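One chain, chain A, links the two complexes that follow: it is found with chain B in the first and with chain C in the second.
Our next item is the complex of A and B:
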């Protein structure tokens, strides 16, 4: 045990007090999905899997099955994150290393775009998508989400490239490798932790996106889990809250799983990316 | 392979760093580019390897004009100051990288890497990552990687700057040994005169983007062309006395001390300003041109002691002597200068 110059007990007590309500909510989120409780009581009385029936039951008329919606969400998140990764990987390098025209202007533009409250653009985006015939399609939402994620991604990747020493590239060039080989074989492995973190972040960001699908693809084939969840309580005259919780948990599970898997790499994105 | 820089010019924006520099490096020679920081020595090195383009002049390797050839095609090995090893590859992969780029066969790569590892004596480290190596070991790997594809020229950019003092001594002779063993033409960039003198066949000393003097280390030490060169070479450094000529003697400023000018008397006229350079080993009790002073500082070097002696006009002379001489701080002494070894410079610093 490392010796410390402060006592951690007060901090633990404070944290416990603050996070207790949160933990309670999470516990009940889970417990409620697999049990029934009499009205007005918190204590469950019987175990049931009925609230998870959306996973296996045929949808009733007018309802959608959750599987195509989940697939949509996955396609949405995966496509967004792969495009963001690919473009950021290349654009970040260009901005960090290549002596190209308008470099300063583009850097300033990136920062501005990143800081811009995107929700103010929604009406313009709506009109443009309608004009292009992409309104109410998943493709339209993917394009918009990707475009909005890119400034952040490029900026983060530029930061990671900036920490790679120039000498590594010079050495590669001296060793006879082309500029492309140097980038691919020598520089990419150095920024790989950043790339993984960026991929996870953009995947999660798209996975939990609600406003864009809600506004730009409100009905039909482009539905994703967030909008499905929304319609679940909107449409029904007799809301089933336990089922709503189950869908919510189903929706949140990949997020929790991804966070647990990639924890360390995600911390990287705020650490500047250089590993000693 | 011979390297020839012909009226090489380099500018960064509006600033001309190097103008019309000429440099001829013989085949198989190890040459040092020595100078204070910002003198253009690294710029010259990067122009030779092709990382910087040249803004004027020609660069020849042997008889081949490589001025506009990209780095990849120049066949030059470079060792960088921070070694620039590829952190995600192990030592073997680092050394093999240049050969893999050339798409050599597996057997050849295996053999060459092994041979290189033996040359720089790191056979047992081949599967380690660079972070697991000490500075000296990283240095050896960087050397091996630079040499593995048998380059025509080896460039070393301050290769010893990041090593501790003991390792530096060791690597100094190591690099020299490897250079002589391979017979490669090498250029060493350094700001450390000891490195330059101990490792190289010739030294090109640079200042303000110009080569001030180009000669063998011994010659440069004994026969510097200007006060800058004299001041740069030698540790402990040379001491300068300023004075005016009168009756073939140099009268030091603001004092009574006169120094006779034997060999230089014909080259000067009365009233001319002059600067005398006296190295610490030529200012000792046993020499005959006596000057009076007071010991103001004693530095023990172990085998020798270094004394700073303040003359009556405030100028300082340095003397290095055997450590068993018992002098005290503040003691008045009358020591002598070895007349034959005074270096005299005119008002502009040019050697007389």
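Our next item is the complex of A and C:
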């Protein structure tokens, strides 16, 4: 709120002060990846691209190249997001508009599922995947991540369908179209913005996911960037923060880019997001 | 007209139902089930076998099972039976086997020496001591360290020992020798006995209380201060404080490690003034707690910031202008106009985040992993450690699930309570994206 009675300068200074730790971290997250500073000093003295060498150098023995891992992460996030979108699109419509048995029961169940956090499920999921032979595969992680995202996705989509006026569908049905055609041709265009937001949200959520790949696919071909970066940090006895940060920035860039592009649409989902 | 709509609805729901039931609903019930088993890496997750090991016998002895019986189980016995005789016949001739069978068939010798003495008395006795020993070895019967796939195999093997086992003893023995998992309530009695339970419960209270206090008060601070700023500046600060939520946890925690570790920012910065470098994250328990609360708090504050901001924006602007005309200071505006409006959002954030903090462990796992020692090990992290990331290598699925189940129960009770306080419909309608 603007007001001429008070200067906003004191507030800006106060906010700048409390934001200092975060801003420092952001600035050095970027600066440290392209520069070197002498030991015991914080101010960089020389420009270098050496910390990014993991992008083009052949990996040493026992190390993994980052490109297959990046591809894995992309497959993981893209598949999860598209399944969540497709399934939520259908289930949300059914729950919002279609007359079917157990509708109330399913709605109540959906809300209840929200109350179960990862820790209460992951032990059983770990055992289920072992029984199914999906342990240590990317496919297993994709299925589980999808299942955990679905209740939220369905709920969001149901909310969108609820805002579509009944009159649109009524008109379609009056003109002799089937319920399916009405959904496909008339209702879907109405909920498209919401669908995009949900897709972006679940893509980011899967891209950032750490616990599930760490537990369900700890080694081998199913590695993703989060577990890759974490094992880099754990392996080193003398931490090379410049290199970690370069890998980290490489991993974070799509997130920052997507966030800046879809900022407005995402803001309201994150307001009710699942992170503490 | 009604039927096709039903079918279409169910068809639309089907994919969601399958995935959710298999990988969400089933795990919930399985967790509850596993909590009442002793399942671990040792027992495996499918069935088990029957195997009597010296360790089992030791356990039985401490449980007060008849010592004589156990001693018999432990020592080898020699029993003249058909399989042994057949083996003897192929190796040393029919005559010896037939004679031994005729004279001592079905007899059990308590020691090798007794059996050897008996064989020596036979007409067709082996000529050398070496052969005598070999002959005796065919009749050695022991179930120690042998695997039996089913209980009946195990029982008949113990019968073959010639032991006089009462049925109830047999049952105790079978139960003790079973290597698979069994149903038990031990996890919960163990939980009440272990001193570490109290410790992780205490840690959880510390963690939730301080993080929550930080989240709510700092979220309020951010929402109110940015409200009074011109648009551009407000948007900048909101983005700065929103980024921790959007960044992948691994990178976010990496930045904190860089800030606090002994080669990191704080150490280097204070190094200029001669302060020796140290790990500011793990140096003492207090350091660890401060860092943990800040790491979680910086993420959590953004949720408060967003919700409080939209609640403040809903306050009619004329009210604020009017108060300014009347000479109210900013502090008075905050105290008498803004804060009373935020009562419900504050209550909502408090209850919502209490629950999610109670079960969250990702940032702690990445930052301190419960250290130093077990100083920052909270309940959820402990369940995770027990069941999925145990340093001993023996993952205790049962105990971990029992710990997790406690969280579920607390969560359900709290949710029911919250639903009574908040308007149910308002709560479930909230997570909707507005365009």
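A few points about this structure:
Definition applied: the second predicted complex is superposed on the first by the 245 of 276 C-alpha atoms of A that agree within 3 Å, B and C clash if a C-alpha of one lies under 4 Å from a C-alpha of the other, contacts with A are read in each partner's own complex, and residues count from 1 in each chain.
Criterion: a residue touches a chain if its C-beta (ideal position, glycine included) is under 8 Å from a C-beta of that chain, and two chains touch if they have at least 3 such contacts.
Note that the structure is a prediction, hence the values are computed from the model and not measured.
When both complexes are superposed on chain A, chain B and chain C sit side by side without a clash. Of the two partner chains placed by superposition, only chain B is touched by A:186; chain C is not. By the touch criterion defined above, A:128 reaches chain C but does not reach chain B. In the superposition on chain A, A:177 makes contact with chain B only, while chain C stays out of contact range. By the touch criterion defined above, A:147 reaches chain C but does not reach chain B.
Counting the residues of chain A touched by each of chain B and chain C gives the higher count for C. In the superposition on chain A, contact of A:168 is made with chain B only, not with chain C.
With the two structures overlaid on their shared chain A, chain B and chain C come no closer than 7 Å at the level of C-alpha atoms. Once both structures are placed on chain A, chain A residues 178, 276 are touched by chain B and, in the other complex, by chain C.
Chain contact summary for the complex, chain A toward chain C: residues 1-3, 5-6, 8, 11-12, 14-15, 18-19, 21-26, 28-29, 32, 40-42, 86-88, 90-91, 93-95, 98-101, 103, 106, 109, 111, 113, 115-128, 130-131, 143-144, 146-148, 150-152, 154-156, 159-160, 163, 178-180, 193-194, 197-198, 204, 207-208, 210-211, 215, 225-226, 229-230, 233, 238-239, 241, 244-245, 248-249, 251-252, 255-256, 259, 265, 267-276. Looking at the complex, you find that chain C touches chain A at residues 2, 4-6, 8-10, 12-13, 15-17, 19-20, 22-28, 30-31, 34, 39, 45-46, 211, 215, 221-222, 225-230, 233, 237, 240-251, 254-259, 261, 263-265, 268-269, 271, 296, 298-300, 302-303, 306-307, 310, 317, 320-321, 324, 330, 353, 355-357, 359-362, 365-366, 380, 383-384, 387-389, 397, 400-401, 404-405, 407-408, 411-412, 415, 428-435. Chain A contributes residues 165, 167-168, 170-178, 181, 186, 189-190, 276 to its touches with chain B in the complex.
Contacts from chain B toward chain A in the complex involve residues 49-51, 71-72, 76-78, 80-88, 97-98, 101-102, 131, 145-146, 149.
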